[in-house]
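Just below sit the structures, each encoded as structure tokens.
Both complexes shown next keep subunit A, but they swap its partner, so subunit B is in the first and subunit C is in the second.
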Partner chain A sequence: MSKFVDKTLAEIVDYIKDAVFSEEYAKLNAFLQKISPKVKFISFMVLITATIFARNVYIILVFFSASLMLASLSRIPLRFYIPRVLIFIPIFTGIIALPYIFNVFQPYEGTPLVVLHDFQRVIDLPLLRPFSRIEITSEGVFWASTFLARVTTAVSFAILLMLTTRWSDLVNALNALRFPKMFVLILGMAYRYIFLLLDMVSKMLFSRKSRAAGKESSVSSWKLNAGIVGALFLKSYDMSEDIYLAMLSRGFNGEFMHVHADSQPRRSAKDFMFLSTIIIFCISALLAEVMV
Partner chain B sequence: MHIPDGYLGPATCAVMFAVMIPVWYFAFKRTGEKLGPKEVPMLAVLSAVSFLVMMFNWPVPDGTTAHMVGGTLIAIILGPWAAVIGITVALGIQAFFFGDGGITALGANCFNMAFVLPFAGYYLYRLLEGRIGKVGASGIAAYIAINIAAIFAAIEFGVQPYIAPGYCPYGLNLSIPAMAFAHLTTAGPVAAVVTAVVIGYLEKSRPDLLKLKKIAPGVTE
Partner chain C sequence: MTAKQPVFELENVSYSYPTGTKALESVNMKIYKGERVAILGPNGGGKTTLLEILDGLIPASHGSVKARGMILNDATINSNEMYGFRRKVGFVFQDPDIELFSPTVYDDVAFGPLHLGIPEEEVNIHVERALNLLGIEEIKNKHPYNLSGGEKRKAAIAAVLSIDPEIILLDEPTADLDPSSRAELIEIINRLNHNGKAIITATHDVNAVPELADRVYVLNKKIIAEGTSQKIFSDFELLKENNLEVPEVFKLFEVLQCFGYNCEDLPLSIDEAIEHLTRAVEVNGGHIHLHIHKHTHEEIGKLRSKYEHH
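And now, the complex of A and B:
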């Protein structure tokens, strides 16, 4: 467990570093970067929603190819983009999908693909279907991979939006789309704090690790995690006071404005073309699914 | 407890968003009226803390995942309406940038973790506070609240086999025991211990933080 936590955390920290680094791509002068953030946000919401309604694995692949194509058009190297999309899939979605490939967790009998263990007798556990073998079934693998493919594609669009849009432009777009002011303000601040707090957590874990020897019991690792959350909370409270004072001294009065704010909202024919192409693409992909 | 995309049928997703719209409306209205500029950065920090504690999750076979949320803690300090906003922000970032919890299931996830959980936690805390003290009350409130939220999540995806075949394959007979077991035995105790430890520390060293004005129904001053 503690190894898993360490690994998760190391990956998160790396990801965050990538995320900061990735404003590099948002500054390029390529295809998606030139679309206005507002239109881009709406278009990607359409793409994500359409992906989630797709149930046929081939249609999901069509959506995924579209995201790869958009990424190449925007001069994002695929060897950077694909790992970036995949890094969190196993941690959050993979662990939900994984149990389903085994027959014991499935609601009905499937076609066995690999038999992992044969008990030679029927085992009747509470809540589970009686089973005599543990096996990986083809239905389970099919369900899990469709599920993973769908989530991966949806995440790939969300990440592409992030990679090609500066965070401040995105926050401004949400503001322009009439999201509640309070929501946009807190979103903008919380996003930045996450980077800072993560750094704090990884330092705390690292310093604790550097002083520990031997194997740790799960009780003590629980205590450690509780303590770290407690310390994190107190540190962050003190920080929020400092930030409030810093904001006050720069003239904060409850209203806010972001840097790089769009001085004149561009509404070009290109934006319109992009949005319509996306909508037509999504409708035809979903229609194709109904017909297949 | 994050329900992923593809677990809930379209009708359920739509209903959960429809339920959350008035909740969000009132949360923003009440918080906008009551939250001073001083509490805004604090809410943003709490939202980031909630985001981070939710990252420490583990799988629940026949269910989704288990983790603590921090909703009771935010609700005790700033009130449940503020917690609605803080956790909604955290869940939104997780859904869009990390694929943790579905985008179509965001309504349902916010209902469970950003609405049911902080309100249950807040009222349980208020109920118990006078009798057993702040520390015990906060731990018990966090424990019960996360379990109530987990049961709501289990009901939401557990009814899918009956109303929307092709989505979540596990019925209520599996989803409720699986989620209840994981949260009663693992996420519940973590939430209880962490919440109680933080409240205990605050009571000792920063009692002023527990006396901030709460953004809750019926609190007028």
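And now, the complex of A and C:
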């Protein structure tokens, strides 16, 4: 168990480090990287919204392939991209979606796909529908996979946006799009400090590793992990106070102001082409769904 | 330092943390325009707290703090009058990760001017000037996470310099720097002082003090001593009591004294040492004479035991 926690934490830290903070792919001179951040942000919001509205799993797959295509056009290696999209989403969304494949949790009688157990009598449970068999229903499987596909696709667009845009450009874009300033400030600071805190976590894990010999029991490892979480909380609390003083010292009074570091590259015809293509694509995909 | 107006005047200033622990006890202090002052003290001696009080970030628990003619207390530090004060006083925090909270270095350097009412179209001029002063124009679009320690420190100083303060408060500016960044930073700080800015440095880096300050306050909750670097560093017992020491250059010349080198005021920094040796060589007709005499070993022994106190 302790190994699992260690590995998961280390993996999350590494993932955030290389995926987000390296800005390695955002600096490439490829397709999406050349689109102005503002236009890119709007386009991806359109794509994500369309994905959420799509109900047909095949249409959602079309959207997913679009994200793969955009990724490869932007010279993001699919070997890097796909695992990033598929690591966390199926785990968390899967946990949520899993119960729905069973008839127990469905409001209606479904078409049985696999019968897991036949009780030979009707069981009446409070808050649930009475049933006599536990089975996996085809409607349930279909619903769960649609849900999973929809979330995965939406997240794949979000990740693609992050990978191909420098964070500061994204923050500038949000500002230019008149997002509330406080929201932009908090977002910028969250990004700034998540890494610092993650770095601290990985250092604490290392320091523990360097002193721990032999096998650790799960309980003691959990206790230690709880200590790390506690230390991190205190540290971040202290830091937040100091950061506030640093902001105060430089004139902050609750009202956040912002200027653009560099005048953003002018939106070109290419940006409009991209945005209109995305809109046309989304509309036709959703229309196709209605027609089919 | 002649007949200048004090920019800071502290009388009987005390501060207790909310937990009741005393951080400062009846501190009296006067700092003048354009001065270079070091606040030297051990860890936990209240240096940072004192700087925070000087910057009007926290109010003193007791006593009066006068800064540029304005009284800093609970009421005034939250008032609008502080804008004028904040444009004249800059505080560089010890941890650059605290100072640099924006997505890019540029945003951080622009933060001060933007929030202190400098018109937006002029902000860019201020930012570029500060970046230029520290020679860090090429990192302006970088995320603070991607900077080296030295670059972070410079960016943090630029973030404060962009408001063009008269007084700069520095908390442990030489901490965590490699030797070359450290030397560069000391030079930058002294150049700022040369341009008329008062520099107040809180530090326990005794080797940096002679290079960064003309006057020193030794602070260990109370003001233990005040005077020129020369005066402070010649009182060994006082330093020892407060977990401090003399600069390495000073120690080296004490060793030379054991070998018959003759001088009264020992140098504290490399610059002073060069001056010192040049003078000694000139006086002695082109050379200095070192030799082992009958007390040399005894004196060296004493010197060793003097510094091996920890």
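Some points to look at:
The rule is short, and it goes like this: the second predicted complex is superposed on the first by the 217 of 292 C-alpha atoms of A that agree within 3 Å, B and C clash if a C-alpha of one lies under 4 Å from a C-alpha of the other, contacts with A are read in each partner's own complex, and residues count from 1 in each chain.
Here is the rule we use: a contact is a pair of C-beta atoms (placed from the backbone, for glycine too) under 8 Å apart; a residue touches a chain by one contact, two chains touch by 3 or more.
Values in this document were obtained by computation on a predicted structure and should not be read as measured data.
Ranking subunit B and subunit C by residues of subunit A touched puts B first. By the touch criterion defined above, A:Y58 lies against neither subunit B nor subunit C after alignment on the C-alpha atoms of chain A. Of the two partner chains placed by superposition, A:F119 touches none, neither subunit B nor subunit C.
When the two structures are aligned on the shared chain, A:F272 is found in touch with neither subunit B nor subunit C. Judged by the touch definition given at the top, the superposed model places A:I243 against both subunit B and subunit C. In the superposition on chain A, A:F252 makes contact with both subunit B and subunit C. By the document's definition of touching, of the two partners only subunit B reaches A:T49; subunit C does not. Shared-chain residue A:F206: touches no atom of subunit B or subunit C.
In the superposed model, A:W167 makes contact with subunit C only, not with subunit B.
On subunit A, the surface touched by subunit B in one complex and the surface touched by subunit C in the other have residues 189, 191, 193, 239, 243, 247-248, 252-253 in common. Interface residues of subunit B facing subunit A in the complex, by the touch rule stated above, are 2, 4-6, 10, 24, 28, 31-32, 35, 37-38, 40-49, 51-53, 55-59, 61-62, 64-65, 68, 70, 73, 85-86, 88-90, 92-93, 96-104, 161, 166, 169-171, 173-174, 177-178, 189-190, 193-194, 197-198, 201-202, 206, 209. Residues 1, 5, 8, 12, 19, 48-49, 52-53, 55, 88-89, 92-93, 95-96, 98-100, 105-107, 126-127, 143, 146-147, 150-152, 154-155, 158-159, 162, 180-183, 185-187, 189-191, 193-194, 197-198, 201, 222-223, 225-227, 229-230, 232-234, 236-237, 239-241, 243-244, 247-248, 252-254 of subunit A touch subunit B in their complex.
Remark: subunit A residues 21, 23, 167-168, 171, 188-189, 191-193, 195-196, 239, 242-243, 245-253, 255, 257-259, 261-262 touch subunit C in the complex. If you check the complex, the residues on subunit C that touch subunit A are 52, 55, 57-58, 83, 86-87, 90-91, 93, 95, 97-104, 106-107, 110-112, 114-117, 120, 123-124, 140-141, 143-146, 159-160, 163.
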